[in-house]
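Chain nomenclature is as follows: A, B, C and D, assigned in order of appearance, with residue numbering initiated at 1 for each chain independently.
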Amino acid sequence: MAGTASPVVALDPRALRARFPILRRQVHGHPLVYLDNAATTQKPDTVLAALASYYTTSNANVHRGVHTLAEEATALYERCRSRVAAFVNAPDARGVVIVRNATEAINLVARSWGATLGDGDEVLLSEMEHHSNLVPWIMLARERGVALRHVPITADGRLDMAALAALLSPRTRVVSLTAMSNVLGTINPIAEIAAAAHRVGAVMVVDGAQSVPHMPVDFQSLGADFLAFSAHKMYGPTGIGFLVARPELLEAMEPVSGGGEMIREVRLDFASWNDIPHKFEAGTPNIADAAAFPAALDLLEATGMPAVRAHERELVGYALERLRALGWLQLHGPLDADARGGLVSFVDPEIHPHDLAQVLDTRGIAVRAGHHCAQPLMRRLDVAATARASFGIYNDRDDVDALVDGLVAARAYFGLAGESHG
Amino acid sequence: MAGTASPVVALDPRALRARFPILRRQVHGHPLVYLDNAATTQKPDTVLAALASYYTTSNANVHRGVHTLAEEATALYERCRSRVAAFVNAPDARGVVIVRNATEAINLVARSWGATLGDGDEVLLSEMEHHSNLVPWIMLARERGVALRHVPITADGRLDMAALAALLSPRTRVVSLTAMSNVLGTINPIAEIAAAAHRVGAVMVVDGAQSVPHMPVDFQSLGADFLAFSAHKMYGPTGIGFLVARPELLEAMEPVSGGGEMIREVRLDFASWNDIPHKFEAGTPNIADAAAFPAALDLLEATGMPAVRAHERELVGYALERLRALGWLQLHGPLDADARGGLVSFVDPEIHPHDLAQVLDTRGIAVRAGHHCAQPLMRRLDVAATARASFGIYNDRDDVDALVDGLVAARAYFGLAGESHG
Amino acid sequence: MVDRPDVALDDLYREVVMDHHRRPRGRAPLARVDATAHGFNPVCGDEVVISLALDGDRVTGAQVQGRGCAICTASGSMMAEMIPGHTAAEAEATAAAFRAVMHGAPAPGGTDLGDLEALEGVQKFAVRVKCAMLPWVTLTDALKAWRDGGNEATSTTEAQEAER
Amino acid sequence: MVDRPDVALDDLYREVVMDHHRRPRGRAPLARVDATAHGFNPVCGDEVVISLALDGDRVTGAQVQGRGCAICTASGSMMAEMIPGHTAAEAEATAAAFRAVMHGAPAPGGTDLGDLEALEGVQKFAVRVKCAMLPWVTLTDALKAWRDGGNEATSTTEAQEAER
């Protein structure tokens, strides 16, 4: 994947849409318009077929069996690991730990790598982080007296890079940031930050939950030390996610969970660990979903991540334009589509996001309303909640138009003026 | 389920077999004879259909969305919890934490409840435990100076109950035992042990990985405080398991993983927890597999757990009889079928278990060979490894016969005498 | 797929509900506050603060502040209108009756839910039940704290709505 | 489903392999031990202990003990027969060549694998590759420890076979 210099072939959302059976569903008598992709994406037929195929031909427990099914299941499971490594251009498949989700990946780093930290050490986060990249560090701070620092955001929803530079110091042992905000859409300059982090001797943890599904992500050229993401946000099954790491770091880390698969030798009161990445995978893993996930990577690779990004960039540009034109919405995050991923958070000052989402739902339109697991950011933006529309490879301008019509209809429903200014 | 006093209707393994598509597969030109059910079971068509149905109609992220799909996905996810609670007769669905597997469930107890232990406290385990019920406690012992004690086993592979009584003391804070050994098959008298544990003030942790799938298990009448098991060993999907607990205990425990879903309020440097069981479920859970698992419970409930147990008891009795009659095998575990679950471990003193499993595989017979994640038990039995045949609801006497023929053929292949003495 | 009868928006946003939402009652500050509680819905970030004046065990005044959706606002507004003049026990009985209705049970005989009946349609919208309950959960907490001698409490819909 | 050509058992258990398995060479204790290592396959519990006598950097004697399956035993027996008379570097080259073959690569030009060629079929049985490699992984460790000045080492197939 990485390094292919072929020209970007535009993706065809209609053709892609046909691959997702759920998109033929009706909601309240309307065709489903699914705009909640930042929460989770839908799954293509090939992922469902791969799941069914695993269970109807090769299901067995992995790593320990001589029999044919066990061998096949093991090969399928390990194939997921190498496919993921290739997808993000990791240096080595041994650096890919298969976990439940991005949250578990970040917790693993915070707990295991975090165990090397103590009083006086600092972890640098930001005001735009998801709870999954805040709470594990808050737990670490409680346990080990580590200090948390937070990069503030600018008025237009970007990381304040000057403040970031000022916060970095030799005390900084970890910098952990989202590559793309799930509320603001902001794409953060991770490569630049990673270089700065390394200069002060910190490790760079990248929350790739939103970036890996929606743009080309190259672990090595980012200079990441750890990268966390979830399969379910990238057209893969629920229940499986990844921690991609530099193998040397994993080698030095202690496991956080004990049991089958992760051991080398066990005595009643002594245990030694298996090699990486196995020492971090205790118990029977989520084999079926690992076997199925490469089908999602096939789709993304066939589409091409540059094309995915170009499509969503175009779509968010169109959405920003149409939503701004309504005139009554507060939009959060940078207004420049180049600086943001394919999602937009907005607030109608007169209709609570919950009510807005409810009205949209009756028209078959699925958006998310709430704090998006970013309560500190909500406080910073001085809102209780926002509504958020987030795009995937199967969305197109018609979906944006349906959203805009829905927002106008909501105003009408609640008896508010709702003339489009556009 | 619990308390139904209807007579046990014998199950029909042939009819059940028809429900499992993989059992129509050929391996090396032979119909698959799947005897590795203690490692993982196969999945019925209804589980596959439920999985597909979830993804093609209701897939969304849970707990936070107003839209229809999110509401449906949440209802399906929470339905799994209440179905599991009912299946094991838990006092309250709030006591059911959805995890990845039995291993994660035991780790959760060892880490979170274990954090209340310290020097001088003791954890009582046994010589027949799976690594998943040894290593988490070894890790705890390392961290907190807790002492581990182990109930020895008798010559015929049962817990030495006199030794157990002698090991229990007011220092014992946790008793954690398997309800059914995955190597010996031994069914342990958990209710009696739980009562004894409670008398000294210890909590009773039950590793139900092998018992819950194969016999009626009633959380309340066992007197369990915690019960761990995996869906994949009970005809459900991989990637999902359960910790069933008394809610009061969960209330008092700290979460071990932080992120979305599990919080009440998050500030940049402070977080408070959601209510149980949510505070233990950080990040997007394995929604699809939770939605699908009740289909496996449907099958088990329709079959009836007493009938499942009766079937497997009968089958293991037949297997013990036929394997003993061969005359050259070492059999491990109690020879009384009433005292054991539907699995049998054996060693041909002249053929290494790996080689035996390999020969069986060429005949389409899947058995496990190895230490079965029970290295201390292997040492106790003075073997490097055993071969193990383990039964499920779709196995019948023909499968046992195929196994016996395979064992005879292996002897012939390796040029050893192999006359049946039976 | 979950069976779910098609629901009309108007079931949720009845006339009476919309009226309370647009002109919420009970916003004015009280001269004296005897009990107060802060309620929080972690699912959506909604917050309410309930302040009560009591004379003996009779509620004489109620103020409802905060930010919430139409359902939450209307529910709080109805509460502010209903409970003054009632005893603490009566207010708690109303809260209990309303919770029963929200969870699909019939209102216990004899309870007059007044305007709250207009929120009956909310029960069909599982996520929104918490919105409707937030003011009432908070009220219950304020009264509990007042009985226990304290006069401040913090509560969440999760804590009290978990049993449903 | 993984593509997997149907494999015959005889590919795994060739005549030569079975012969080494039945009458393993190199079981006799050495008069002098200059290097030793303990190898362990955590997947199946197999263990081997390799002891070596060296004269300068030439292996003069090898003992292979332990318990393992037919493949592991045969592989160890072949080793005990092959390496005496060879230098440490030559023994290591043989180990490297054998590993290459086990992982589907051609043997580096010029290496004579001797009886080990009979184990070629093992490469089709992914799990069994570790069985065949265990004695060689352990040998490599014994020689490494000897070079490093120590004379004892512990190794596992996982550690060295992970890169494959």
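The rule is simple: a contact is a pair of C-beta atoms (placed from the backbone, for glycine too) under 8 Å apart; a residue touches a chain by one contact, two chains touch by 3 or more.
Everything quoted here is computed from the prediction, not taken from an experiment.
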item: Required steps from chain C to chain D (each step between touching chains, minimum); value: 2
item: Intersection of the contact lists for chain A and chain C; value: B
item: Between chain C and chain B, distance of the C-alpha-averaged centres to the nearest whole Å; value: 45
item: Averaged-CA centre spacing for the pair chain D and chain B, given as whole angstrom; value: 36
item: Interchain centroid distance [CA atoms averaged], chain A/chain B, Å; value: 32
item: Junction residues of chain D, two or more chains touched; value: 43, 125, 128
item: Residue numbers of chain A (touch at least two other chains); value: 28, 57, 64-66, 68, 70, 263, 265, 354, 358, 369-370, 375
item: Chain contact topology (line, ring, star, complete or other); value: other
item: Contacting chain pairs - touch in the sense defined above; value: A-B, A-C, A-D, B-C, B-D
item: Chain C residues touching chain A - in the complex, by the definition given at the top; value: 6-9, 12-13, 18, 22, 43-47, 67-71, 125, 128, 131
item: Touching residues (chain side chain B, partner chain A) in the complex; value: 21-22, 25, 27-28, 32, 34, 36, 39-40, 42-43, 47-48, 51-52, 55-57, 59-61, 64-70, 100-104, 106-107, 110, 125, 127, 130-132, 134-136, 138-139, 141, 148, 150, 230, 232, 237-241, 255, 257-263, 265-271, 282-289, 354, 357-358, 360-361, 365-370, 373, 375-376, 379
item: Contact footprint of chain C on chain A as seen in their complex; value: 28-29, 351-355, 358-359, 362, 369-371, 375, 378, 384-385, 413-415
item: Contacting residues of chain A [partner chain D, same complex]; value: 53, 57-58, 63-66, 68, 70-72, 74-76, 94, 263-265, 274-276, 278
item: Interface residues, chain C side, partner chain B - complex; value: 1-2, 4, 40, 42-43, 125-128, 156, 158-159, 162-163
